[in-house]
Amino acid sequence: MAALVRFLTSSILSKIVMAATGLVLVLFLLGHMAGNLQMYLGQDAMNTYAETLQGLGGLLWVIRAALFIMLVLHVITSIKLKWENYNARPEQYAMRKYVRASLSSRTMIWTGIMIFLFVTYHLLHFTIHATNPAYGGLYDAMGRHDVYSMVVLGYSNVLISLVYIAAMILLAFHLFHAIESMFQTLGVNHEKYNPFIHGLSLTVASIIMVGFLSIPIGVLFGWIELPAGVIIL
Amino acid sequence: MKLKLHIWRQKSTQDKGKMVTYEVDGIIEDMSFLEMLDVLNEKLILNEEEPVAFDHDCREGICGACSLTINGIPHGPEKETTICQLHMRHFKDGDEIYVEPFRARAFPVLRDLVTDRTAFDRIMQAGGFVSANTGGIPDANAIPISKKDADLAMDNAACIGCGACVAACKNASAMLFVSAKVAQYAYLPQGQTERKRRVLNMVAQMDREGFGNCTNYYECEAVCPKGISVASIALMNRDFLRASLSEEKALDR
Amino acid sequence: MTLDSKIPSGPLAEKWDRHRFDMKLINPANKRKYSVIVVGTGLAGASAAATMAELGYNVTALCYNDSARRAHSIAAQGGINAAKNYQNDGDSIWRLFYDTVKGGDYRSREANVYRLAQVSNNIIDQCVAQGVPFAREYGGYLDNRSFGGAQVSRTFYARGQTGQQLLLGAYSALMRQVGLGKVDLYTRHEMMDVVLVDGHARGIVARDMVTGKVQSFAADAVILATGGYSNVYFLSTNAIACNVTAAYRAYKKGAAFANPAFVQIHPTCIPVSGEHQSKLTLMSESLRNDGRIWVPKKKGETRNPNDIPEDERDYYLERKYPSFGNLSPRDISSRSAKEVCDEGRGVGPTGYGVYLDFRDAINRLGRDVIEARYGNLFQMYERITGEDPYQVPMRIYPALHYTMGGLWVDYNLMSTIPGLHVLGEANFSDHGANRLGASALMQGLADGYFVIPYTIGDYLAKSGGGEKVTTDHPEFKKAEEDVRARIGKLLDLNGSRTVVSIHRELGHIMWNYVGMARNEEGLKKALEQIPKLREEFWENAKVVGDGESVNQALERAGRVADFLEFAELLVYDALNREESCGGHFREEYQTEDGEALRNDEDYAYVAAWEFTGVGEKPILHKEPLEFENVKLQTRSYK
């Protein structure tokens, strides 16, 4: 028991929690992005995909709950770490310079907070429709919830699009350090593979950013259009 | 050359410190940074002022006593150089220089630039050794050790325990110091028997001392006067995880 | 005072084994009833404290650094000797013994040196077991190199940081015992005095360098492992804080001080760059394998060295010692450098330096080869001087770096004060008049790991100092009062000179008159000047701050005050020894070729000095040296 307690309160465990939950969240992001990219396949494909997800029923809730736990763990652990780190140096330097630490690594907590706020907004916006209740009343010709139109309508608002675009840039910035860091925390550091890990980190962060960004941009530029017959209330 | 120095002055651990500005003249470029401070101190003494206290001893970059943060960088701007080996030719006439202690909760200031780094000793006491009593030891050549492993162990053993890694870390984390010791023994056959126990006990003590957490900034590696690699931190993470999962009993000393 | 070396009888090779059998033992359960104080946590102190704690004694260890890991043993670069004969090149315990006695110019005890050679092998085993990462060959076995002109490869090394690695090994063993509660470690504590009860050393008084608290520690025996006194010369390769205080306090309390005049000067150090210089840095002697040493023929030469034509250069070592040339032994090359600089032909800003030129070697072997051999040394040189030795010749000058002399000890490493044991550089025992390269680390660890743990048991078992004492004993109270009074006196100093400036002046006197070459006239001059300077210190020095917090000026003042007394002792010894041997060169006693002229007839003895009062001439006691196994020879390097 003592060993368990020591394990759970240890600094390295906290890091491992950050890395492991981060990994799950990144994998989710990749899946989510792949789903979103179906917007390019048109209204039918997108809505079919959405309905399939909804059709998972109980399983969907399990996945949602799991993701929620991951997110909460990630956030709580980061707060714990931040709090400890803040306390680890009560007196700050009068003059501070960094030699090596990247901007991305030094701003993790800030990009993290903004991403968290964004996720909250995003759920209220597209999932719960709390900000735009009208989204709940969109149905396509087959009577399915018209997710496709909802997205196009959402991004047609320049302000909303800008929020999403900004959030994705911050996310990429966050991930750039996060993915590389995850390998280190899980004990993978080898001079032979480090360039690859660095490249992978950059690539995955960029793919996620570009993939997600392309949709609001596509809408704003008119590459993705509202299907005929949808009425904006 | 003439310099303007902003130096942290603090009478004792309990006192609140502040930055105080001094001017020194007649600095020549062959002086080491500490010799420049010697000049200042001689001047202060003759002016009835208390000299600036700072830790230093061997002045050849190996004892690990010297511990100043110069213009925001522990041990100053030169790569793999302790502050005692930094010479004034890297500065120019009229420069303003900020001189601060190695700041961390776990390194309380004792006076001015002198800090208490015994937290490192306590981490070592928790497991930074091979339990080999004197005597009764097999011949030194009884266990061959590959040159590569010996070299890797030596890379890590080169740590001078100065604490610059902690001072440079945004979170005041001691991971580089601890991992250097863990890694040194991990690469050697002599370190295997206590490998799990060692990493668990040393990390536990590190946490108790109030150091921050590693968030992989790698600022520690950048300022380390002995160039110890953050790869050792990854090794320690790995060892810690493995030991945590397999060591079922509560650990004793 | 009588000097009983207590050398065991019997053949040399059996002395230590016999002695170990003859010594009284303390049963394991009873060891915890005894306590020992160890002052200093360098190689000797840390290894002794850890080993005695492993045996079961209660150990109190003190050091003035912030951590036990910072002692100056850490700065030793080259390596550690052992008679392992791993290289199959004919080494043996006997050969290591023989080389050490010969290298010490026949001024050391045969029995001590033989024991040192015997346990040298155990040291390597012990260090490897502790995880010291010695250099290895590809096959996985330990690598060795030849060092300091030895004919065999017996030196074990860990890159250029052997001292550091060995100290960290001993430190880790010590930390383990601290963690187990067997050693009470007091860092930032400086020993101020040793306390005698009924003639036995029963404790010390130390000052907490953070709070200023003066505190006593009582025990059944006291061990000093407090290093050498090179810093009496102000500039040396020693760390800034290295001092003679602990040893000198013991001397004042009645311990004999042996051979203080035997100091070693290393020829290849980076020269002084100005009055601001606080210490000197040593560079490996291996540089002399390829570098050529020269000075300009003309006095007051101002040209860039590269512009000085060949026929205006004086390769003085090659000229004077054609067969050994630039590889002439340490003392000869050191003295020759001093001579040419005294003639006004020295180079560099101060005129105290000679060139060590790699131009010819680079032309002959190519820059790559030189870089592979000496890259790190060249880098170090450039870092300190700002000059690129690939382009301009290096400048070097000799510097103080080790002191063979120290407190007199018997075969059991006990001083003339019962119960007060002395280890490592602080004692005089094994190196005679000159120490061989890579032997300092060996001696420190031999004393700490393998000698004192046995001999302390014998002392304690034979009743030691008798009844237990506590720090409430009046002798402790008196010693504390003395210490406080002295600190008060130092804090009251309010003259117009800093302590450091007086220390620097003492250094000049010592270096000029008691340095590489000494003569009667100079030594007498030093004997006049030192007391004057001491007077000046007590009248005109200035110490600011208080005694209740970190006060580095006060710490320095206490150390310098002791150096100012100790310096005189060193001069008396140099004056007494009317011969040249090892590190002690008297200009009056040399051959026509400038070689040291030893006088085995009259001076084959250890000069052990007894304190009689500050400023008074100490009393000389002689311990005759008998050589039953080694034949005394004279060296020649022509």
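A few points about this structure:
Per-chain numbering from 1; labels A, B and C assigned in written order.
Here, a contact is a pair of C-beta atoms (placed from the backbone, for glycine too) under 8 Å apart; a residue touches a chain by one contact, two chains touch by 3 or more.
Since this is a predicted model, take the numbers as computed values, not measurements.
In terms of Cα centroid distance from the overall Cα mean, chain B ranks first.
The most distant chain from chain A, with centres taken as the mean of CA atoms, is C.
Centre-to-centre spacing of chain B and chain C amounts to 27 Å, using the average Cα coordinate of each chain.
For the pair chain A and chain B, the distance between C-alpha centroids works out to 38 Å.
Distance from the chain A centre to the chain C centre is 64 Å, each centre being the mean of its Cα atoms. Among the residues of chain A, none is in touch with two or more other chains.
Shown for chain C are the residues in touch with two or more other chains, of which there are none. Contact with two or more other chains is made by no residue of chain B. The residues of chain B lying in touch with chain C in their complex are 11-12, 28-32, 34-35, 38-39, 41-42, 44-46, 48-51, 53, 55-60, 62-65, 78, 81, 85, 87, 89, 110-112, 114, 116-118, 120-121, 124-126, 128-135, 137-141, 143-147, 150-151, 153-154, 157-158, 160-161, 184-185, 188, 190-191, 253.
The touching residues of chain C, when paired with chain B in their complex, are 47, 50-51, 54, 65-72, 74-75, 84, 86, 122, 124-142, 158-159, 161, 164-165, 168, 171-173, 175-176, 178-180, 185, 187, 210, 237, 239-241, 273-274, 276-279, 281, 349, 383-386, 449-450, 453, 496, 498, 500-501, 542, 544-545, 549-553. Residues 1-3, 6-7, 9-16, 81, 84-85, 87-102, 105-106, 108, 177, 180-181, 183-191 of chain A are the ones touching chain B in the complex. Chain B contributes residues 6, 8, 17, 19, 69, 71-73, 98, 100, 103-106, 109, 168, 170-173, 200, 203-204, 206-207, 210-219, 221-223, 230-231, 233-241, 244, 247-251 to its touches with chain A in the complex.
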